[in-house]
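As written, the chain order gives the labels A, B and C, with residue 1 at the start of each chain.
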Amino acid sequence: MAKLGFVMCMPLPSPLPPHQNRPPSNSDNTTLCLTRRQSFIFTSSSLLSSYLLMRQNPNLSTTFPSAIAQEIDELDQEETRPVKIFQETSSCVVFIKDLQLTKSPKTTSEVGLAEDENAKVEGTGSGFIWDKFGHIVTNYHVVSKLATDTSGLQRCKVSLVDSAGNSITREGTLIGFDPDYDLAVLKVDAVGNELKAATIGTSRELQVGQSCFAIGNPYGFENTLTTGVISGLGREIPSPNGRAIRGAIQTDAAINAGNSGGPLIDSYGHVIGVNTATFTRKGSGISSGVNFAIPIDTAVRVVPYLIVYGTPYTDRY
Amino acid sequence: MAKLGFVMCMPLPSPLPPHQNRPPSNSDNTTLCLTRRQSFIFTSSSLLSSYLLMRQNPNLSTTFPSAIAQEIDELDQEETRPVKIFQETSSCVVFIKDLQLTKSPKTTSEVGLAEDENAKVEGTGSGFIWDKFGHIVTNYHVVSKLATDTSGLQRCKVSLVDSAGNSITREGTLIGFDPDYDLAVLKVDAVGNELKAATIGTSRELQVGQSCFAIGNPYGFENTLTTGVISGLGREIPSPNGRAIRGAIQTDAAINAGNSGGPLIDSYGHVIGVNTATFTRKGSGISSGVNFAIPIDTAVRVVPYLIVYGTPYTDRY
Amino acid sequence: MAKLGFVMCMPLPSPLPPHQNRPPSNSDNTTLCLTRRQSFIFTSSSLLSSYLLMRQNPNLSTTFPSAIAQEIDELDQEETRPVKIFQETSSCVVFIKDLQLTKSPKTTSEVGLAEDENAKVEGTGSGFIWDKFGHIVTNYHVVSKLATDTSGLQRCKVSLVDSAGNSITREGTLIGFDPDYDLAVLKVDAVGNELKAATIGTSRELQVGQSCFAIGNPYGFENTLTTGVISGLGREIPSPNGRAIRGAIQTDAAINAGNSGGPLIDSYGHVIGVNTATFTRKGSGISSGVNFAIPIDTAVRVVPYLIVYGTPYTDRY
C-alpha cells in the first residue's frame, strides 16, 4: 500500500533541471520552413529537393482538414482567452530558490550571486508580487528553512520579471510568516525596476465548475501554466504546524512540487488562491488531480499584518 | 520498475481526511474586504490604515487587466455551463463508507450512528441516486466486503443530500450485485425526504473528444468535480472477478481512489458512465489521466434485474 | 524521497492489456433502451415491466435538468470541435510494438504474424504517418532496440488505419534515426492502401495557453485522446544520449507511458510536436501534468535527412 497524504508542493533540489524558461532557440538555421497554412521550402540539396517537392505537390497538400478550417475564426477568438490571461498575469509570478551557503559571507553584496560555488539549492517554490514595493507572497513552507535558520547561512533568491520585461534576481528578505495559514512575505529590493503587482480577487464568490489557472515553477520549469476547474470549496488542509487551514480551494489544474506559493487565477486574471498542496503519494509531489490552494481572502486578511508587524495578528504584542 | 495496472478507485481508510464538504467558514471576521471589481477597506488600526490606503491609491489600482476585462461578459456566459452542470447533478451523488462494527449491534437502530466507537471505516466510495425510491447504484468493489460478509459486522453508510438540500446519512441495504460488471445496488430508507434521481443518459452515442464531468469523493473529499474529455470508447477493463467489462469509456478527467461508483456525466447533465478504475501504479490509486468508467448502458441493462431479483439476470432462477 | 526525473513515455510490455480499440460490443441484446431525450422500454418480464413503468411515469421523468437543456444547441456546436479534431487526425496516428523474436525467422513473410508464439512484445509506443509513401515518424527511444540490434531478432510492428478505414498491421523498416533529437523514421509497405499523412504545422508561433491535443497509445490503449493547454515553451529536455533537446513544448495534456512518438496537435488539427516525456516518478511513466513534446519544427528539419540519408544531417558523409 502506497503512503498517501497531503504533500506540500516544494521539491527537493536533486531532480531540478537547469532553469528553462529561455525562449525557443533562434540558432537553428533550418533549410525548411513550414508555416501554419503554407509550405515554403528552400534547400540547396538537390536530392532533398526532389523528395521535398513531392511533398509540395498540390495533390498531397489536401491533407488540410477542411471541416476544421471553417471554424478557425471562432477558434482564434476563444483560444486567445487563456493566452491573454497568461500574458497579463505571468509577470507577477516569481521563482523562489532556497539556498544554503557553504560558508559565511564576508559582505552582504556577495550573497546574491553566490549560488554556484558558495551555496547549494535546497528547494524551490513559487510566489507572486503583492505590491509595487517588492513584497512577495508565498507559502511559509517554501521559506521555512530561512524562517527557522539559526546558522545564518540560509538565503532566498527571488527571480522575477519587471514591467519592462527585464529578468532580475534578488535576495528576498523575510518580512513575516504565519505557519498557521502556511503564508509568508518576502521583500525584494527592486529600486529602479517597476514591478507589476498581481490583481487580487476574492475567494468568497467562487463556484465549483468555474475555470481556474495555476502559474508556477513545477520541478523548476519557470512560468508554467496549468488549467482546470474548481473541483470543490470549503476544504480543510493541514498547515505546516498541523492546524487546519479552512476554506481551501480544490482544483484539478495540475499542481506539482514547485508550484507551492504560486497564484491560482480565475478567468478574470484575478488571484483567487495560493497553490499549496496536492493529495498524492508521499514523497513524490506528483499531481493527482486533487490539488489545493489557500483562499486568497485568507491571504488578504493575513498578509497586511505580516507586512506591518512581521508576525501574525494574534502575535503582534 | 513500478508495478502498473488497473486500480479500482476505492481507497483504504487510513489516509482519509475528515469529511470536508462544509461550506467556507463564516467565522473569519475580517477587517478587509476585497470584492472582485472594487476594494472596500475598513480597519480600525491606524497603522494598517495608512499602509492599506496606499494600496487603494488609484494609481496602484490600475493593475486590473483591461484586455481581459472586455471579455468578461462572454466569459460569464461560458463559465456558467460546468457550474450549472455541477449544481444540477451533484445532489444525486452519494458518499459511501464501508464500516466494520467492532462488536455485534444489539438493535438495528444502533447501527446508523455507530461510526466512532463501535465501528471503523474500511473504505469509501461514491454512488448515485438511481430512483426516488432510494436505490443507489455504485461499483460492486465498493461494497464487496458487505456482499461477502459472513461475520454480520459489515455495514455501508450512505451520505446524501435530499431535494430540499438536507444532508442525511442512512444505512445502505445491499439489494443486489453483479461482480461481472462491477455493479451493485444499495437501498436507503429516506422516507420523508424527497430524493433527486440522476438523469440517465446513454453511452451508445458518445464520441471521443466530447466533454465529460466526474463527480465523486476522491480521498474522501465530498462532491468533487473533475473535468476532461472522452479519451476513448469500447475499452475493456477487468471486473473484480477477472472477466472483461466491455465498452468501457476512457477519460482524462481525473478519477482517483474514492471516485469509484460515482457518475460520469456529459454536457447535458446526463449520466453516461460509472467511474470505476484508473490505470496507474498499483497501490496508489492516483489518477494517471487514463481513467475508465463502465458505460451507463450496461448499468441500465443490469441494474433493474439487481433491483427486482437481487441477482444478475443470468442467475435469476 | 521518490526518485523523480524525466521519463520517456514507452512502457515495458508486462502491464499491457490486450488491444482495446474495438468498437463497443453490439452483441448485448438488451431489453432496455434509454435514449438521450426519451425512454423507450421493451421488456418481456412482467415483473420488470411493472417496476420499469413506474420509472416511465411522467412525474418521474422531470429529472431532466431544464436549465441545462436550454444551452444544448450552443453546446452541440462547441463540443464538436475536439470531436472533429480527433476524427480528422486520429487516422494518421499509428501504434508501434517492439518485438523480439524467440528464434530466427526462416522467411521474411513469417515475421509480420509472428507475435504470439515466436516473439514477445518488449515495448510499445506511438507514431504518426509523415507522408503517403508510408514513412512513420516516432521517437528514437521507441525503436532504440531495433536500432541497436545485433542479434537480428528485433522487429517493429506498426498498426495503422488507412484512408478507407481498414486496420492494417505491417512490419516497420527502420529508415533512419537521430538520438540527439530522439527522432526516428520507420517505413511500412502499404501498397494497395491509401495512407493519410498528418498535417504538419509549425511550433514557432505557439503561445502558452493555447489548446492542444495528444493522440497516442498510453498503456496500449489505442487512439487515446487527451487534452490540455500549452504550459510552457522553449524548455530543454534530455535526449536519449544525454544531450539537450531545445525548444521543447510543455503541456498539461496527459502523456503517459506509450504516448511516446505520437503527435501533439493544435486546434487547427496540425501536428505541433512529438510527445516524448513526462516529468514524474522514475519507473512509473505516470503523467504528472508536466509533460513534454519535441517541437515539430525540429522534426521538419531532421526527418527529411533521415528519410534521404538514413542518418542525421551531420553524419551524412
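For the reader, a short list of remarks on this structure follows.
Simple rule for what comes next: a contact is a pair of C-beta atoms (placed from the backbone, for glycine too) under 8 Å apart; a residue touches a chain by one contact, two chains touch by 3 or more.
A quick note: this is a predicted structure, and the numbers were derived from the prediction, not measured.
To fit its Cα atoms onto chain B, chain A must turn through 120 degrees, a value rounded to the nearest 5.
Where chain B touches chain C, the two copies mostly use different residue numbers: shared numbers make up under half of all numbers in play. Here the CA centre of chain B is 29 Å from the CA centre of chain C. Looking at chain C, residues 81, 84-85, 281, 286 sit in touch with two or more other chains.
The residues of chain C lying in touch with chain B in their complex are 11-12, 14-15, 17-18, 20-25, 28, 30-32, 34-36, 45, 47-48, 51-52, 54-55, 60, 63-65, 67-69, 71-72, 75, 79, 81-87, 90, 218-219, 221-227, 253-257, 281, 283-287. Residues 1-6, 81, 84-85, 88-89, 131-132, 196-205, 207-211, 228-236, 246-247, 250, 252, 267-270, 279-281, 286, 288-290, 295, 297-298, 300-301, 304-305, 307-308 of chain C touch chain A in their complex.
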